[in-house]
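For clarity, chains are labelled A, B, C, D and E in written order, and residue numbers in each chain start from 1.
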Amino acid sequence: MKKPTPNKKRRSKKAKRSVKIGTAPGSLIYVGEKKVESVTAQLIKYNTDDFEESKELDIEQPLGELIEDTHVQWINVHGLHDVEFIQKVGTYYDIDKMILEDLLDTTQRPKVEEFPNCLFFTLKSLADVEGTGFEIEQISFILTKHTVISLQEKPADIFESIRERLRNKMGLVRMRTADYLLFLLLDAVIDEYFVLLDNFDAAIEDLQEEVVTSPEDDTLIRTDQLKRSLLMLRKSVNPLKDAVNLLDKGDSQFLSDEYAKFYSDLKDSALEVIDSVEAYRQMIESVENLYMSQLSQKNNDTMKVLTVIATIFIPLTFVAGIYGMNFTYMPELEWKYSYPIFWGIMIVITLIMIRYFRRKNWF
Amino acid sequence: MKKPTPNKKRRSKKAKRSVKIGTAPGSLIYVGEKKVESVTAQLIKYNTDDFEESKELDIEQPLGELIEDTHVQWINVHGLHDVEFIQKVGTYYDIDKMILEDLLDTTQRPKVEEFPNCLFFTLKSLADVEGTGFEIEQISFILTKHTVISLQEKPADIFESIRERLRNKMGLVRMRTADYLLFLLLDAVIDEYFVLLDNFDAAIEDLQEEVVTSPEDDTLIRTDQLKRSLLMLRKSVNPLKDAVNLLDKGDSQFLSDEYAKFYSDLKDSALEVIDSVEAYRQMIESVENLYMSQLSQKNNDTMKVLTVIATIFIPLTFVAGIYGMNFTYMPELEWKYSYPIFWGIMIVITLIMIRYFRRKNWF
Amino acid sequence: MKKPTPNKKRRSKKAKRSVKIGTAPGSLIYVGEKKVESVTAQLIKYNTDDFEESKELDIEQPLGELIEDTHVQWINVHGLHDVEFIQKVGTYYDIDKMILEDLLDTTQRPKVEEFPNCLFFTLKSLADVEGTGFEIEQISFILTKHTVISLQEKPADIFESIRERLRNKMGLVRMRTADYLLFLLLDAVIDEYFVLLDNFDAAIEDLQEEVVTSPEDDTLIRTDQLKRSLLMLRKSVNPLKDAVNLLDKGDSQFLSDEYAKFYSDLKDSALEVIDSVEAYRQMIESVENLYMSQLSQKNNDTMKVLTVIATIFIPLTFVAGIYGMNFTYMPELEWKYSYPIFWGIMIVITLIMIRYFRRKNWF
Amino acid sequence: MKKPTPNKKRRSKKAKRSVKIGTAPGSLIYVGEKKVESVTAQLIKYNTDDFEESKELDIEQPLGELIEDTHVQWINVHGLHDVEFIQKVGTYYDIDKMILEDLLDTTQRPKVEEFPNCLFFTLKSLADVEGTGFEIEQISFILTKHTVISLQEKPADIFESIRERLRNKMGLVRMRTADYLLFLLLDAVIDEYFVLLDNFDAAIEDLQEEVVTSPEDDTLIRTDQLKRSLLMLRKSVNPLKDAVNLLDKGDSQFLSDEYAKFYSDLKDSALEVIDSVEAYRQMIESVENLYMSQLSQKNNDTMKVLTVIATIFIPLTFVAGIYGMNFTYMPELEWKYSYPIFWGIMIVITLIMIRYFRRKNWF
Amino acid sequence: MKKPTPNKKRRSKKAKRSVKIGTAPGSLIYVGEKKVESVTAQLIKYNTDDFEESKELDIEQPLGELIEDTHVQWINVHGLHDVEFIQKVGTYYDIDKMILEDLLDTTQRPKVEEFPNCLFFTLKSLADVEGTGFEIEQISFILTKHTVISLQEKPADIFESIRERLRNKMGLVRMRTADYLLFLLLDAVIDEYFVLLDNFDAAIEDLQEEVVTSPEDDTLIRTDQLKRSLLMLRKSVNPLKDAVNLLDKGDSQFLSDEYAKFYSDLKDSALEVIDSVEAYRQMIESVENLYMSQLSQKNNDTMKVLTVIATIFIPLTFVAGIYGMNFTYMPELEWKYSYPIFWGIMIVITLIMIRYFRRKNWF
């Protein structure tokens, strides 16, 4: 079996799981790009009456002092490449090494897993990046009794509106438990998918119109890029189905039945995203086929122009060639009306040809 | 990953779920187009002996007075964009906020959900619009003990025949409970699908015949549009299967076993719609392939015309060119019978060529 | 979303479910073509010792007198368009309105449903029609304790051999119960499918050979028609799987365990039909691809002929054109051996060209 | 719906189930080709100590005398077309008529069915035929307490090695029960599939190489034939999965748990065959696509040759044509250096053209 | 049915299961290539405190002496072609003949099977081979209470890091039981897949860029080879899903619940491999389509060059041909300004033509 030798020079800096080869399971190794300079954490603590927000959490300080059973704690970690930092968080909360390994691996498939002391959720955030497309980011959540730990590759503002709501006591979130906060966070991540899908929808429609009205040389290449993006998107989104499905069954001890309907809604959203991705994939293939057909059509049109011109003039040129011959004995050459007769014959041939092509609907 | 930057100018006014980004779950935000000026509601109240129809329901008036256990109530809301209006209805009937959120979101997937005090059903109505295709509309139903609330984006006449039957005491509907009314309404929505499918069937048959007899420049573009419509239709219809399936199992406390066979029939209809959509999709692909083949065939025919003409006349023209040369010593030029011999050779070459093409079955 | 406006003039008289729009569920409306002038029924009554056959059953006469528990009754109805007739039969046997509605709808998907007093089975008969293809007909069966009612759109002879066997006491059918008769009837319907499949098999083989040996202009159009027929066939046959599967489970009170193996055999046959349809569909696609490739091949061959001729003669004609110029000072024109040298050069160029094309394997 | 009228003349002698139309279920009719002159049977009787082999079993002689509980009996029937013969065997062993019907029908799908007094297994043997491909043969097995009856369409040597092992007391088979013998026979049949698959593998590799190095006119036709063979093979093999799956569950009273692992192995083999068939099908499609692309590539190359030659010489010929005109007043004609200048211009034009095509990478 | 006769000469030395035809089940026959000269085994014995490593295990020496319940034993066999050697190992450990048969068959599908005294696991190792692609190797594991036996076709270094960890007491492995060692080994095998997938990813990206920027003659052939490799890979990897799934259910008595989460992680990895293979397959098809479209585009461009040149010059040449005729009476020839007028007309025609092609966007 052969395989092209990859051109090593211009490899992209994609996260590669193969860096973990030869390490023990549970080894904490960061698989991914470094998207932010230094890892920071932020602690938000609230209950119905109280709200505290620490801008930067000092990870060296014993967390025990900060955490209270009467409050919901939300620890938001930005940046994953500092393995030591993550390990400390893990130690404070007594988090299984398998979880830490998974959340450090940005190539990890979306999944939900329940552990004796926490619920672990990892999925992809798909941020729409102006001009250059979308960016896949790994987001993980750890839910314990009173705490949600969210871990992102870099600070992003998708949770800003939730923070705002917490600060201003908007909605019911301040009155509710940690699992409701987790739901809000998951919902925010999945809502981002819809922005992306709307952009895909617009891009496909543009491409379709471009193909019909004025296809350009790179139209197909852009269509192909869009299709590959969709395939990447699908790979990120498809496993989500199994994950959210698991939540919807409501077996977890960390999720109260009260919010079951919210998680059911989450599943609906995930299914809609998956449906849409599939529909868009088929639409892109449809655009590609249309492009190919238009190309064939044009090919045929070019051919027709050539054929019409050549078919009319080649025989005429032949006749002109005959009377350009220098045979001594060519009686027609001497005749007085040869030349007008020649023109007459030319015109008749041309008209017959034109009629023939007309009947063939060639122009 | 790259993605074409969408041409922002000429975006269509499609409903976009992304407007909900950053809002709390359960926030009542209308996702969709405003299809009617003002939201109106209508109340129909009936039992075997009695029938009352209020043209326009005053939502400010306490509903309590209007509703009686001895009657079946049908509240028909037209227009969803007035969130306050919907909220009031929700309050009167003690409807869960999640339901209100779903029915205000016209991009919601079809689904059925049972709540402690009601059954919620949302699906798409596909109205056939003369000339311009079909229009997707969100229709939701809330079924409580004695009431059906139907919510549509705009007044439509698909329920008119049911109103007529109620008014005139036709059929058994006046003798039956609210869940039978719901069945009638769902049946009316799904029956509309069949009109649409019949139109698709006709359109595909027309396209197929057009491709075979007289394909035009835009035939393929129209075929492609039809295919995209089918893909949209499929996206609207496919989730229906799961929804109706759930009803068919008959676990709901709001549906009496007596009407189980009706709901089983509904499932059959939904399955037939899905089967047909799939069959039509494959037929359209078949039409596209046929078009491409016809194009290839024509391309080949054009080529043959060019090749036959060029192959016959190019050598002849060469020979004529030879005797048009001005060499001083060209013995043939002086010969008496050169010219007739020249013609003879021309004719022989032409006949040989024609025979060759005949044998190749080129004309 | 757009949709081609169907060309209303030349619509086929296909059965359309949309005629039922706006009618109450359970409304008895015939959906389909009228395939026979008047609806007739025939009663066959038999047990081991006795056999009676009434040519034309008088539907006005009370059926009660005719039916006996000691006999198996088979009522065979030909023609469904007379709703009143069907309604009378329904009343005599106390058949649910839902059944009557389904059997009057010739667009109904194949299905089996058990009712408290009967078992209802509806499927498609696919009669092979000489020259013009196959014809889909709706056949329904109602099985009660001692009676089988079979309802067809028009008289067909597929059951004639069963009647013959009953008359002549062939086989065991006279000794057995009504459910065995139903099995015989279903088996006869499904056996017809195999005739159709054998014809498809032959037609595909013919097309494949035609494509390889002598493709004609309409070969592809005929292939396409065959494919569309297969898609229609699949739509008629696929739901059968679920239906027969249901029977095979043997839960019905109307089917004795004794004949379970027969129904299991029926399921096998149905599965084989479905397998074959799928295999044939793929074979047709294979034929289409082959056709397209042959076309491309020919296109290339045409091109080669043109290229060889043009490439050889265009340069030669150019050289001849040079010595046809009328410049006063062209030394070659005066040379004595110019003309033979010219011919020599021509021949050498031609030979080089031919060798070049030979090496390219062009002829 | 239309369907090509099959060309009746040159139909192949394929087995057609449609010959059974109009016969009663359980009617014993042979569906298939007659592959051997006369039907023969052979009885092998063995236990650990004893081995008897009758070359030709006299079917008229009461079997009762031959069969002993202390031995395992293996009756091997060659040829199925003698319905009477099969019927006699059926009577001696009290075999259900449904079994006899199925084993006489060579179009029967592979299946396993348990009856009160025996286990019935039917599948396809795929013998590799030198030069002309593979041949599908129906093989059925009936397993009772101490007996295996194997029924084939014609004598084949696939069981010869098992007979040899029995004769020479090789392996454990002489010490084991009848169900172990059945396993050996099934294993021998499925092992044959792997020979066939190895041949397919080789054939596909050859085709792939042929397409890349030296595609011939019939390469595609041969590829298509191979694909059709694979589709036929898949149809024969796919149902096997369900059948062997059933055995693997180990519910049968005729199969001892002791050999469960053998039957599990059988299932593995069947699954591997199915996997391979699917992989080969995709590889063949890949070969087809490659062929089409190569063809397109060549088409383009041909085109380029034509375009280069025509584009260079057509303008040159035009210029030569100009100076071949006979206008009385054409000053250039008289100039002394016109002819050399003409040649200079020609060469310059040619060089520019060649550079243009070089830059386009055309040669 | 026909099948190309494989070209016997240049068959590759692929492992062929067909060599087992005619042998008894449980016969120990090596199916595969001989990848190493002589078969060797190595014994590693460890517990928390102790570590022993025998470079070469003497298979003749009674194993009983070496094995202790207080230690975990890992026997690593390199090379499978020495059937006798394998048989001896089998005897010492009382391993079922079915296991030995499966592990000697390098064409065996990946699977897990539990036996009373051991757990058997077989899968494929896919080693990335520099330059020539990947190599499939069969790896089998037998897990008993305190022992893991790993069997490979040839010595490979994928387990070296595990040995290192054992020697140096790194990680927890020395403190854990044999099933944890098995997990480490399986994890090492599956980690190798990710290296391969990263290479595929790189190769596809290179091909995609090559197609867009500078497709070469063999680009498509290399794409096709990559696709075939992926198909082979998929065949090796797909059955893994079922196998690991089985482990994840945790029913085995040989796997302690403590490590369940590790096995769940293994399943995740296997699923990700399968997802990726599918995504890459679709991306390769996308590359192929892009290539074909680029080819069509170029074809059209070539055509346009030819058409533009021919369409401009063929009519001009005709006009020049006319005035090259030798008719005695051609008034224009004598006119004084004929020649300049001729040039003027030529230029006008050319300009009109150029404008026409400009409008058609041809250059």
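Please note the rule applied: contacts are C-beta pairs under 8 Å (C-beta built on N, C-alpha and C of every residue); 3 or more make two chains touch, one makes a residue touch a chain.
Predicted, not measured: the structure shown is a model, and the values here were computed from it.
Student: From chain A, what is the lowest number of touch steps before chain E is reached?
Tutor: Tracing touching chains, the least step count from chain A to chain E comes to 1.
Student: Answer with same or different: of all residue numbers used at the interface between chain B and chain C, are over half used by both copies?
Tutor: Because under half of the interface numbers appear in both copies, chain C and chain B meet with different residues.
Student: So, what's the distance in Å between the C-alpha centres of chain E and chain B?
Tutor: 41
Student: Compute the distance, rounded to whole Å, between the mean C-alpha positions of chain D and chain E.
Tutor: About 26 Å separates the centre of chain D from that of chain E.
Student: At which residue positions does chain B touch at least two other chains?
Tutor: Residues 228, 232, 292, 296, 299, 303, 306, 310, 314, 317, 321, 324-326, 330 of chain B touch two or more partner chains.
Student: With touching defined as stated, please give the ring order of all chains, chain C first and chain D second.
Tutor: Here the ring order, chain C leading and chain D following, is C, D, E, A, B.
Student: Which residues of chain A touch chain B once you look at their complex with the stated criterion?
Tutor: Contact set of chain A toward chain B: 130-136, 160-161, 165, 170-173, 183-184, 187-188, 191-192, 194-195, 198-203, 205-208, 212, 222, 225-226, 228-229, 232, 261-262, 264-265, 268, 271-272, 275-276, 279, 282-283, 286, 289-290, 292-294, 296-297, 299-300, 303-304, 306-307, 310-311, 314-315, 317-318, 321-322, 324-331, 362.
Student: In the complex, go through chain D and note every residue touching chain C.
Tutor: Against chain C, the touching part of chain D is residues 1-7, 11-12, 14, 16-18, 20-27, 96, 98, 102, 107-109, 111, 113, 115, 217, 220-221, 224, 227-228, 231-232, 234-235, 238-239, 288, 291-292, 295-296, 298-299, 302-303, 305-306, 309-310, 313-314, 316-317, 320-321, 323-326, 330, 332-339, 342.
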